[in-house]
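Chain lettering (A, B, C and D) follows the sequence in which the chains are written, and residue indices restart at 1 in each chain.
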């Protein structure tokens, strides 16, 4: 890759880094990506509702929140036409290169940021290099700025190559809340894909290391549980109350006590609780935010059904009403070894790559699995590619940063793989 | 009272003490009482099913158990005719004195013993005096031998007096399991009573003290809860099991967590638990014996309904089937002050009485409450009379014994009260 | 009482009602009371730190909060000299009438308001009568405006009478948080009292009814429990976390499961809980606000010790650190029947009194018990007097209001009792 | 293998099947094995305490139980000399073939039976074939009769071969209670082994299938927990009791709630509970039998430490004393691929073998892991070999049976492997 291309990647990544936007609020980010895609020139360019099934979105914030970020994006210089097309939390984009006969290959990158306050430390490059977050309290602390940049870079590289076939690059919103993957998967644009590649940078792999096919995606369901009882004076009329906090406590205890499963790993967490109004009042209302996971989608379903039963029974036990609402979820998935083999082979020839792993476990959840499952269910192949990068702080911490050398490596590996697939379909 | 009468009381009490019989197995005891009543001569003498509503009995043992004690009673010398009439756990008796115009007064005494092994200590009078229990493992450890004796004594004393009216003495089985009171109350022989007196000896009151109207009866419900799940190998297939022990544990925790009530005292206990078959097997079955109580019948009902909900919800929570069965219960009751006042007044003139209390709290449960409520619901008066006795060991312990001087005191107070009621109905 | 006096009581009560101030922030209220006392003329007048043991205060807000109300009181017209003397949450006052030989009698009234938003309904007299709360979000919803008014009225009435002896009227802050009673009790001004009277208006008794000696004070302890664990990613490293929410849930369940006590009523409540930061993070911290009560101080201690053990064990069980801090507490107390008898006798002659009860149960908690116990421990007598008032809404609700006719009745009963005590010490 | 050898294997297996003996009571079994070994002729023959470290035994029954089975074995025809040497639960044996220079190879087979009542169904071969269990209530329901038989067969086959080296065959008692493995591992006879082979028949693999190196052994710890409180009358003095059943219930709930671990599978079970004496008595004592497991020994330790904390904290929480005692345990282990490769290679040439698996997961626990770890820690290799057999009923069920054709297959595979190791040490 030429230096000028490298510089452009860095420049784009830093601009995105300065304007981190959380799930469904990626207005500036989408605008900036659209501008890059138009610069490159693509055969088709879809935005927001043209890419997504809007009804399949999960964890969408309320209108006030969406509007506030819409205004903020305008102030930051987002284009009016893109802002108009994405209003209401309908962010993201998809670009198509149509280069004649050949396979249809998809690349999915995610673009949203996190509600984390970025470090101001002098050893934190974005701070010392003057591209620290302008949106105080929010930060690209998981490298999605690099993902979006690589997506643009791959598209440009393939556009300039002899690739035969069709390339679709998906810029997906709302991955951090597991909210966008399903909407893209059901948007209708995956159904002609022969191959799908998705990527993640870092994951504790150093710059120069490539994981050809990441596995170990835990299927996940996040939920909110609400317990409604009845308040009463705890001294005078303790039994006139129906205690939502007792229901909550019984639920928390028994959620963790859901039996382990012989078929594989499961997880459960009650991450946030709150309830009640005063020391001497029987609590009328209590609330929990929790999640269950499973090594397979079936195991997640097992946990999910048991969790529902626990919550409902805990409410009934204490004469309260219990309600559980799924806020987000994602299935498990597996990378196809055949496709991963191509990635690995190509990576072997990429400058800067000095280590290749066939596979490694994510040990967490990702909603790229919706897209992978969709493609695989139609006979296509999918692989989730890990692109190593030296990152000083851990993912989701204030000092997370990427080694910008990995941008070009990522573009070269992915563009190379896509070109190879055009030559020799798997 | 003449010395010969006193001697007869002592002799009868000691004979009953030698043959303690637990609930619904009072075959020898009934036979001995019948013999005494025939000796005295009464106007009517009903036995077992003639006194009880057999279907209203609670906590009846199985036939094998009943038959074994039937045989044992025969061996001890019980009369064949009485054995025949009481077969099948239909024990107890009622005697009637019909002495013309006047009020109808009832006296209720209970006659059953406890599954406690009696002390063999040289300072335990029944042991040193050679009238220790012949039924090893069973013992009159709550003074019902004295109660039955007083019942006979009162009948004899009233028979010899100028009493005007009708006296019915009820010899009730199965008080210790709260199993007999309802059956007597529904037997039909209480419905013409103007006054009901019931008695208890001891209760930490010394010889010579009379409590004219005991109160503070806790209404009680005893129950068995069963949890049915499904077994599985705990190592290989832990989630294929449905764990009855988890359901049990959740139930126990939440039974105790039933909210206290602003209207008065409540109680809850999970007294016996067992479940499971092996360390490495998910338990298919678990079982609990428990109870709830309340200062009033309404409070007992509150606890009872909450307990049912807890048990059912705990079962549902762990995917088990839960079942609750009431094994015995008794309501609360209150002694009538007007009737108690007569008792107290009469007691003031009885030799040996040196202390009188208007009232005191039982702090436990008694199924005499069924009879008291029945009589009171028809406009009659009832009082539960405490007859002090020095008792070396506590109630329900192996060294419990009564001071036999209290037998005559009890007879004099009760017979005197009944005679007074014949003269001056309250 | 003359009409002009009645009018003055109503006018004072309405002024206090317009400026409700919560615990330890009664700056305006204290200023207004001081002004009234100076108008009447007393032999001694102490303010704030002169009355209280400042170190014995409980549940004192932080300085910012105190300062904000200090400013607000100044704006409302509170006197600078009083504001200076009460700065830092050292509110309240005490007035002394010294009328020669005779008993020393204390009267305690409380003066703080509640964080409740007052009704604006047209049928709510303060709203339609233009004396609704000026401090939005706060309200005299328990009648302490009337208590302070009666305190002033009694002092004025006694000052004008032939009373022989010494009268101390205590205007106590911070009763609603059980925070001020101990500070007054330990302030040193109770130690020469022969008699103490405390009052409460309403309590579901109608205008014209007097309860001569309220009983049934539940001893109470309020506490905050904190659980500190360690956060971890719930999907990737669930066992690296030490879950503060699990500790909290175990504690809540087992607090309610503390065994009931045979000696009398107990209470427990976990009224407020919160913990955790995100669905997918093991919670590092959780917090509970709760309370225990007992029919006697001993029963409260029983509950309190058991609660400490439960909270500490729940923390240990889940490898967390647990801490419990008492935020407020109050003992139980009993009104002296001899003193209550004087109240009742006097009340019998007061115009407007048409019903007298010797006693009734409060069924809640009150920190007047600190003062009552202090006086009784030194051989004095104490009684807590209930002054009926028709109140449309319940205590602690937005529509609570008092029938202003009860102000004069209260003054007449209390002043009459104090005068009688001067004549005939009990 | 010649038909006469096959017949002898079947005859031996059937004899052992007729006399199933549970853990540490394998008196007849040991006697019969010794007789076979003497018939074959070995270079050294150790029995019971000569093989085991007696102090390292776990889960040994009490003397009465041991003596009863000692008598039973005598009645069945066990030899007096062997009975004498094994008295006191010191069962098992080891035979040595010393054939000059070459590797030292060990083979471990287990010999104990289960407390399961064998099927009498006509389609159950032992029943129709007249070799059903003579020890009613006990049964070889896991194929250890076949294991012992194969051990004898392998020794005979190797004795007749040109094997160069030393062979030790260990006949281990008490595998079913995880009680014997440690005692053999610490008996001192493993320390010179170059290779260790252990076997299990069945495991849902059909006749003709060989698993060269079984993996997935869950490390396990079985324990008994005891809770000691104090009894009290649940109606009269509920708070005087310290409730062992509440402690038990809290422990059960929180054992299951031990957090899952990110490093691999864990298990927990509370398999047996019992406590209390009567419905109306606060339980003085409660007891639990449970277990924890982990995919690795470290994970088992994690669970074990957490379980101890839970049990102790639950006891403390309810003012009881808690005690946990380990009754049995076993580590995890892994088969060495290099050794398994030899097994697989040899098996490829054995008549009757038609399927070979390199590895498969046990998904349960086995105390052969003690022996495997011991050998591996000294630089030796170990493999746990699965020998398929068609079994009509599942392991540990009344209809379990083995396909006797698998006896010869097992002998051929193992003897062949041992001979091959003599030729070409790994």
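The criterion applied here is as follows: a contact is a pair of C-beta atoms (placed from the backbone, for glycine too) under 8 Å apart; a residue touches a chain by one contact, two chains touch by 3 or more.
Remember, predicted model here, so these are calculated numbers, not experimental data.
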Tell me which chain's centre, taken as the mean of its C-alpha atoms, is farthest from subunit A.
B
Look at the interfaces A-C and B-C and say which one is made up of more C-beta pairs in contact.
A-C
Per the centroid of Cα atoms for each chain, what is the distance between subunit A and subunit B, given in Å?
70
Averaged-CA centre spacing for the pair subunit C and subunit A, given as whole angstrom
54
Could you work out how far the Cα centre of subunit B sits from that of subunit C, in whole Å?
48
Going through subunit C residue by residue, note those that touch at least 2 other chains and give them in order.
236, 238, 246, 250, 253-254, 256-257, 259-260, 262, 267, 282, 363
Note: in the complex, subunit A contacts subunit B through residues 236-241, 243, 246, 250, 253-254, 257, 259-263, 282, 302, 306, 309-310, 312-314, 316-319
Can you tell me which positions in subunit A touch subunit C when the two form their complex?
218, 220, 222, 233-236, 238, 245-246, 248-250, 252-253, 256, 267, 269-283, 286, 289-291, 293, 327, 363-365
Considering only the defined contacts, which subunit A positions touch subunit D in the complex?
253-254, 256-260, 262, 264-268, 363
